[in-house]
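A, B, C, D and E are the chain letters, set down in written order, and residue numbers restart from 1 in every chain.
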Amino acid sequence: MSAYGRFLLRRAVYAVITFFIALVMIFIIPRLVAVNPVDIIAASQQLPPSAIRQLTVEFGLNKPVYVQFLLYLKNVILTFPPNLGFSYEYYPISVWKLISISLPWTLFLVGTSVAISAFLGTMMGLYAGMNRGGILDRMMSYAAMTTQSLPYFWIAIVLQILLAVVLRVFPIGGAISITDVSPPYSLPWIQDVVYHALLPMITIVIATTPVYSIIMRNTLVDIVREDYMVAAEAKGLKKSTLYNTYGLRNGILPVVSLIAVHFGYVVGGALLVEIVFSYPGVGTLLFNAILSHDYPLIQGIFFILAITVIGANFIADVIYSYIDPRIRYT
Amino acid sequence: MSGIVELADLKIIFPTSRGDVNAVDGVTLSVEEGSVFGIAGESGCGKTTIGLALMGIIRKPGRSEGGIRVNGKDVSSMKDEEQRLFRWKEVSMVFQGAMNSLNPVKNIGYQIAEVIRDHSQVTRQKSMEMATELLKKVRLPATILDRFPHQLSGGQKQRVVIAMAIALNPKLIIADEPTTALDVVSQEYVLQMLKAVVEASNSTVVLISHDLSLLAEMCDYIAIMYLGKIMETGRAEDILANPSHPYTLALLDSNITIDKRGKKVESIPGYPPSPINLPRNCRFSDRCAFATSECYESEPPPTTMKDGRTVYCYHPRYEDGEG
Amino acid sequence: MEKGERIELKEASVNYSTGGRNVAALDGVSISIGLNERVSVVGESGAGKTTLGRAVLGLVRLDGGSIEFMGKDMGRMRRRAILDFRRQVQPVFQDPYDSMNPTQNVLQYLSMPQRFLMKSSRAEMREKSESLLETMGLESDMLWKYPHQLSGGQKQRIAIARALATEPRFIIADEPTSMLDASAAAGILNLLRKLAVERDMGYMLVTHNMGVAAYSADRIIVMYSGRVVEDQKTESIVTSPRHPYTSVLIGHAPVSAGVAVNRPTELAGSDADPDAIDPWKLAGCRYSARCTRRLDECTRVVPELKETGGGGRAACHNPLDAE
Amino acid sequence: MLSTAFFVSASDRATASTSTTSTSGTLTVGIVSPGAITNLNPWLAGGQSAITTDQLRGLFYITLLLQAPNGTLMPQLAQSWSSNANATVYTFNLRPNMEWSDGTPLNASDVVFSFNVLLQNPLFDTLNGFLVASLIKKVTALNSTAVRFTLVHPFSPFLQYAGLGKYIVPAHVFSQVSNLSNYTGSANPVSDGPYMLVNWSAGATVLHYKANPHFYLGKPKIENIAVELLSPTANIPALLQTGEITLAQPTPSQVAGLKGQSNIGVSFSPGVSILSTYFDPAGLLMFDDALYPYNVTLVRQAIATSINRTQIVDLALNSYGTAGSQGQLPTSLTQWIPPNLPNYTFNPAKARAMLQSIGFKNGTNGYLEFPNGTAWQPQIMDTGGSASSVVSVIVQNLKAAGIDASESVVTIGSIVKGLQYGNFDMILLGTSRPPIPDFVLGVFVTNSVTPVGTQELDYHGWARWSNATVWNDLNQARNVSSFTQQYNLYANAQQIMAQQEPLVTLYYAQNIWAYSNATIHGWSKVAPQGYQFPQAPLLMALGVPSASSGSPVNTTYLVIGVIAVLAIIGVAVYAVRKRKG
Amino acid sequence: MTESRSRFARLFHTEAGTDTVLLRLLHSKSGLVGIFILAALSAVALLSSFIAPYSPYAIVASPYLPPSQSHLLGTDGLGRDIFSQMIYGTRLSLEIGFVSAVGITVIGTVVGVVSGFAGSYVDEALMRFVDVMLVIPSIAFMIFVATIMGPGVVSVLTVIIVFGWPPLSRMIRSQTLSIKRRGFVESAVVSGSPRYYTLFRVILPNMTSLIVANAMLAVIYAIIADASLAFIGLASTNSYSWGSVLYNAQIEGAIYHNGMLWITLPGVAIAITGIAMTLIARAFGDITDPRFSTEGR
């Protein structure tokens, strides 16, 4: 097997191991709570003991923990779509169904925002790094310092107040207009969806662009000192060549691996943004699941998030190894 | 004078938080067209900085004072685009540590073709053909074109860099420690290549090295630098056979060579002063065995000796050469 | 000197894996060095000379064979025995800029071996450190300096002082001058030699520079691609090398200006590109692909290290004649 | 069901017909929900979204009866009802000529079907607290409009249990569904309520309704309703302000801010929660009645005396509520509440004196100590959030009376555990008990005390206050059908509970609805302050929503914003260029 | 000496090795500003009971008073003084920030150093675990765990520390690996230095600046995490941090009765602290790693 193949295999094995540890944690942590979730449902609904017993059997909570774990593994790994159980809260809706409803919203919101901020941030970082000490570099440095010191959701709140409440340029929240009855995926529907997603996206972009730009900039500060950058300058290459094939092409490598690591962070941050803007994504679903102690749903969401983020990391590894010839050809 | 390189009291200063570093501190020299000119000196003496300055590369916040004229053009006053076209077309460079002077993420063919394309209107295909030709000149097979730098050995990379340096037939090639990091056998091979290529192209070469044996072998003229300043300059064989400046003398004496086995080699006593806030006297005076009071007072003016060399010393050792 | 006061390597092997392939950095090396001998190990990068030094110091694990110190197998030493070994064999590392802990001052640095290997008291350590500085020709106020306040030459002297702190019987110095300017290198080598003579101490000087090896050692071991190819007294190896590779190294060693150079100009096999050879892939002699004296069997049979007369040994099927 | 149906439907045709304007356009309503509605199965709704789900289902599935705020039963699908003297046979007479929204006749067979589903699926029955399945021996249709229930044993609250708690569903639709447990609802359910759901899909956060022309009261005047499910953190005042939604339930503090806004109107009705954004009508301070010192009646009375319930309503509820009664029944249930219940008027000095009278001593730090000289530092548990404001006030009150109380914010799990095992001092609970005396009073009394530290598994949860008289009175009341007999039994129970004070009823919150005048004109004329559900059916009475509800986007600002952004970019580019050049 | 060498050397060298950390910080302009802000905030935190005009818990006036002279930021829904809450919030926020930072730094450093130094299975096991921690969206998981543990300072601190150390340990590990390869570590080994000494006295002191700089950043991470948890309603509401003030402002619809101050000020306070911490961290960075600096060299 080639070194490249071995590299990919190793990363894949790591991803699988990581995923398994995540699975175990996801299973164990809710069970560390001594309280039976059925009791909590019963408490909020004032159910009689017969109903409690019935629900306990229904949710499989009467079995020994290791049996529950084996069943859980069997259900999430050997079944497709993974059988993540039933939500306590939305019984008898399956967790998978609930997630499949909200995940597209989050993927749309986070995916688009990450793409935008990674692009913007990389470009700004490239320019700032190539022109260290310039206006953009300084401005960026202060902007990054400020936005990284601010809670995501505070940015969201302030933007909401300024742009939605005071100026009324954007809607206050939600994913679609309450009065919109146009069929899904029609043009007006898409316009409406994009319009509603803009403010949350702007929040995420504002909060994350500086991260990328600073990573890119710091990488470039190193790269600019490399001999090949001096050589490139000496060769009298065009500015575009210098920026693209030297700065961008070399500087993008750490950014790629950081985008993946960052993905989990963005998903977490998006959760708060989703909550502020009442966006019907996974974040809001998780928030509500947590509020109502809906453990199967919480587990299911973490399962999906873990897959998404581990998958994103693995994809980033693959992309990284692909665009870095030092790994691809050894 | 009408050398291809004319430096007039060149100073290059890098400001730091501790003060200004005078990397190059008043260098005047002239390189004759078609010759091989060596710049020798120990690490930190400013020889690489001069090499880069000849291409107009002084990284901010560094700045230069004095004149740099290459091929009749004032390098320091060029506009961006003019400077870009000047580089490589008229002056090219073989870098110190070729290992790191190639872009690690692009293949060799692309990198050679890139230089050609950025300086002239040729098609991608034509530029690749030219790249193949260039590789042939340094005896590398065309298969190298598809390789990435990390797949090549040090010697191969150095030869790629040489091929790149002659791609646009520049008048002047600066070779900065072209063989330092290589094995002896590769060194020899690369030097042969460099010699052959230079002879074929009729270019002027400025060879920067700390290796006196290498300079002796390659150069017509030589300048010995110490702490940003030239100590002695003239014909290579004259200076290396009969050093005049005490520093040159000490440098040659301290150089451990195979023929000195069983003899005692003396190192230069003391340590060089900091390049920040250099003394305004002879900068070698502290370590010089022949220093007198005047050496501690002011900087010695250039003295031209009979054989044409210029020495910056109040007490040149090679008395016979004095005019 | 008693019999057995030696460091002996028996078929010592160390493997590395780099870039997806295994490379034998040491490939069945068998040599024996007396504790009072002054030996130099010469070879180019990748020859395994640094690994040899580190293996003797116990800093890399052997993949085969054994190393014996005074008759005891180092692989089986207990902690107490290792500390005893460390007291007697001390290294000086290549990079003076890196061998001192930036957060420790000179006194702390010099005290470490005394504290752990000699169990000295605080006062003893202080006294000893001062006397070591004196031995090295350094001022005693240097005890309070931190590494960044010292020059490379000073640091290397302090590194030697640290090695001497336990009054060792043998020093292993890995390229102690390669990071230094020529003018400082001679000083270090002179110092090392002087101390060895004064204290009846042996050393193993690892270097790529034949000139340095010949200058400082009485015996030279030449390595190529993980194997010893020649092992002879200095004078005889310089004047009449037996292995073709040794002759190339000597031919390319630096010489003083004006001394006649007799370099082997034409390199092996003419069309074979020395840069494109991977010696580890060769079945027989690893030098065979570059060798001008290659015989048929060279490409098939690994040559053994044989006596060549005069106490020397060489590993070659077709050795050069003794002059 | 547990919650009374959402502002809809009516009993009084006369009020409804006052407004005759036909309407078009859409009324937009925001409901705070802990999640998207994924399930419209009429029998299954677990967890906290059950309440929202009920509200949303209540627009298209309705019950036999309704209950007025004072507890009186009122007709809905059933026109009249009767029972035998020993409360074992009940008959409901349906309105004649009713139809489902698809035009199919709605008659007694639908009712019979609906209850048979419950009898066959006990889980469906238990999930909403009104257990009828085990009571009913059989249910039969006497004719197309009369249904008779025969019970296993006498049960006087059956009218409320069956009439208010259970939806009537279309038999012709649900008899086709093979597995009712897996049924999650249809996109266009056949409705007997005022509205029909349009195109619902699981997980949608907006539900669109259309007026049901077959509704027994006639087609509602507002043609369309869109309900948006808001997250608990939604900025309701802003949504109302911008007109993105027309009608919503803000929290009391949000209303406080909205008061000054000229384009926002506020209306409220009693009996529905406002403390949390869910359904928490009453705020209760539970004692651990089995644990010293809270097992001492005088201590409970003293604590009740030291709490300023008016201040709680004023501050924590921003006056949107009423102070709680001592008899444990909501104050609105006037017909059930006896006069002259013992009351614990706020009086910190008196409270302190009461405690001192049973041996509590003044400690060095100014707070009361146990008679044995150890410190008394009771903790009041709550789950944080808005409940914290209530507890904050209580803590200040208790401190003023010399009790060194503090707040302990914990998870709902810890509260459940505390209640189960009886190891806590005091807990703030919000309850959503429907205003039925049997239901309300039965929760907090038991006839045998489980020891503290072992799990209490009695009916309805975790009562540790035991009183044989109250227990017997409540059981007795289930067997008698005369109102007077029931009233006397409940009155006696309330007397004892008010005297013993096993828990302090702190307040009853009001259900606040705020609406935007920008899009609903004439609301205040039709629905003045104090408007009460369900006497004036909102939907029937509403005037025409403004046709020009329009987009909330202010295009002027959008244009200005875009221009400003472009200008900033332009200036930045210019600056960078200039510097370079 | 090559360029890369000088840069690498500078990572650990300072102009004057004997200078105290504080002196070095004071040399840099940004460090000075950072320290000044931090000192001011600490003073507010330490003297909060003197500065705050009221008890933050006491009901002192009518609810929802707009800002005035007696109540600089107005009052909340229960009639408590918001300004006093902010002042006391400073104390709790800084406490949470610094306590968490200490916890994160200690755990992260020990795990990183041990992992990097021990290598093989220990390293592999620790780093796989760290991978999981890094991959899991930490805010989401923090909310989850905090919900299970119940609101309050203890659970907030716990989750912040539990989810805060992995990135640091990663960094420390790679730093340990690179220092481990350096000459002076071998030099210590051949000097007979035992493992503990090599690890904690030779390797660790070379990471001081890195650790301190990251501890500063951990402070702001912790304050933001606390605010995020508070915003979900998971911070203890009976003790005020900036996060819980912000939470109250949000749930009480602050913009409609007290103007913007109530809702913006906690964010601004967090941002100012963050900027101060970043400035100090950067000043350390300048000492150790020129990449942080915007000023050219």
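In this section, a residue touches a chain if its C-beta (ideal position, glycine included) is under 8 Å from a C-beta of that chain, and two chains touch if they have at least 3 such contacts.
Here the structure is a predicted model, which means the values were calculated and not measured.
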- Contact tally winner between B-C and A-D is A-D
- Note on the structure: By Cα centroid distance, the chain farthest from subunit C is D
- Message: On a C-alpha centroid basis, what's the spacing between subunit A and subunit C, in Å?
- Response: 54
- Message: Could you work out how far the Cα centre of subunit C sits from that of subunit D, in whole Å?
- Response: 87
- Whole-angstrom distance, CA centroid of subunit A to CA centroid of subunit E, is 23
- Task: Calculate how many whole Å lie between the centre of subunit D and the centre of subunit E, each centre taken as the average of the chain's C-alpha atoms.
- Result: 43
- In subunit D, what residues contact two or more other chains? 233, 235, 238, 411, 413-414
- Of all residues in subunit E, which are in touch with two or more distinct other chains? 1, 147-148, 250, 255, 296
- Query: Considering subunit A alone, which of its residues make contact with at least two other chains?
  - Reply: 33, 133, 161, 165, 275, 287, 291, 293, 330
- Note on the structure: The residues of subunit C that touch subunit E in their complex are 57, 59, 83, 86-87, 90-91, 93-95, 97-105, 109, 112-113, 116-117, 146-149, 152, 159, 162
- Message: Help me check something: in the complex, which residues belonging to subunit E touch subunit A?
- Response: 3-4, 7, 128-129, 131-132, 134-141, 143-145, 147-148, 220, 224, 227-228, 231-232, 243, 246, 250, 255, 260, 263-264, 266-267, 270-275, 277-279, 291-292, 294-296
- Item | List of subunit E residues in touch with subunit D within their complex | 57-59, 63-64, 77-79, 147-152, 233-234, 236-238, 250-257
- Query: Which bits of subunit E are touching subunit C when the two form their complex?
  - Reply: 1, 5, 9, 12-14, 17-18, 182-184, 186-194, 197, 202, 205-206, 208
- Query: Which positions of subunit B touch subunit A when the two form their complex?
  - Reply: 52, 55, 57, 60-61, 83-89, 92-93, 95-97, 100-107, 110, 114-115, 118-119, 147-148, 150-151, 164
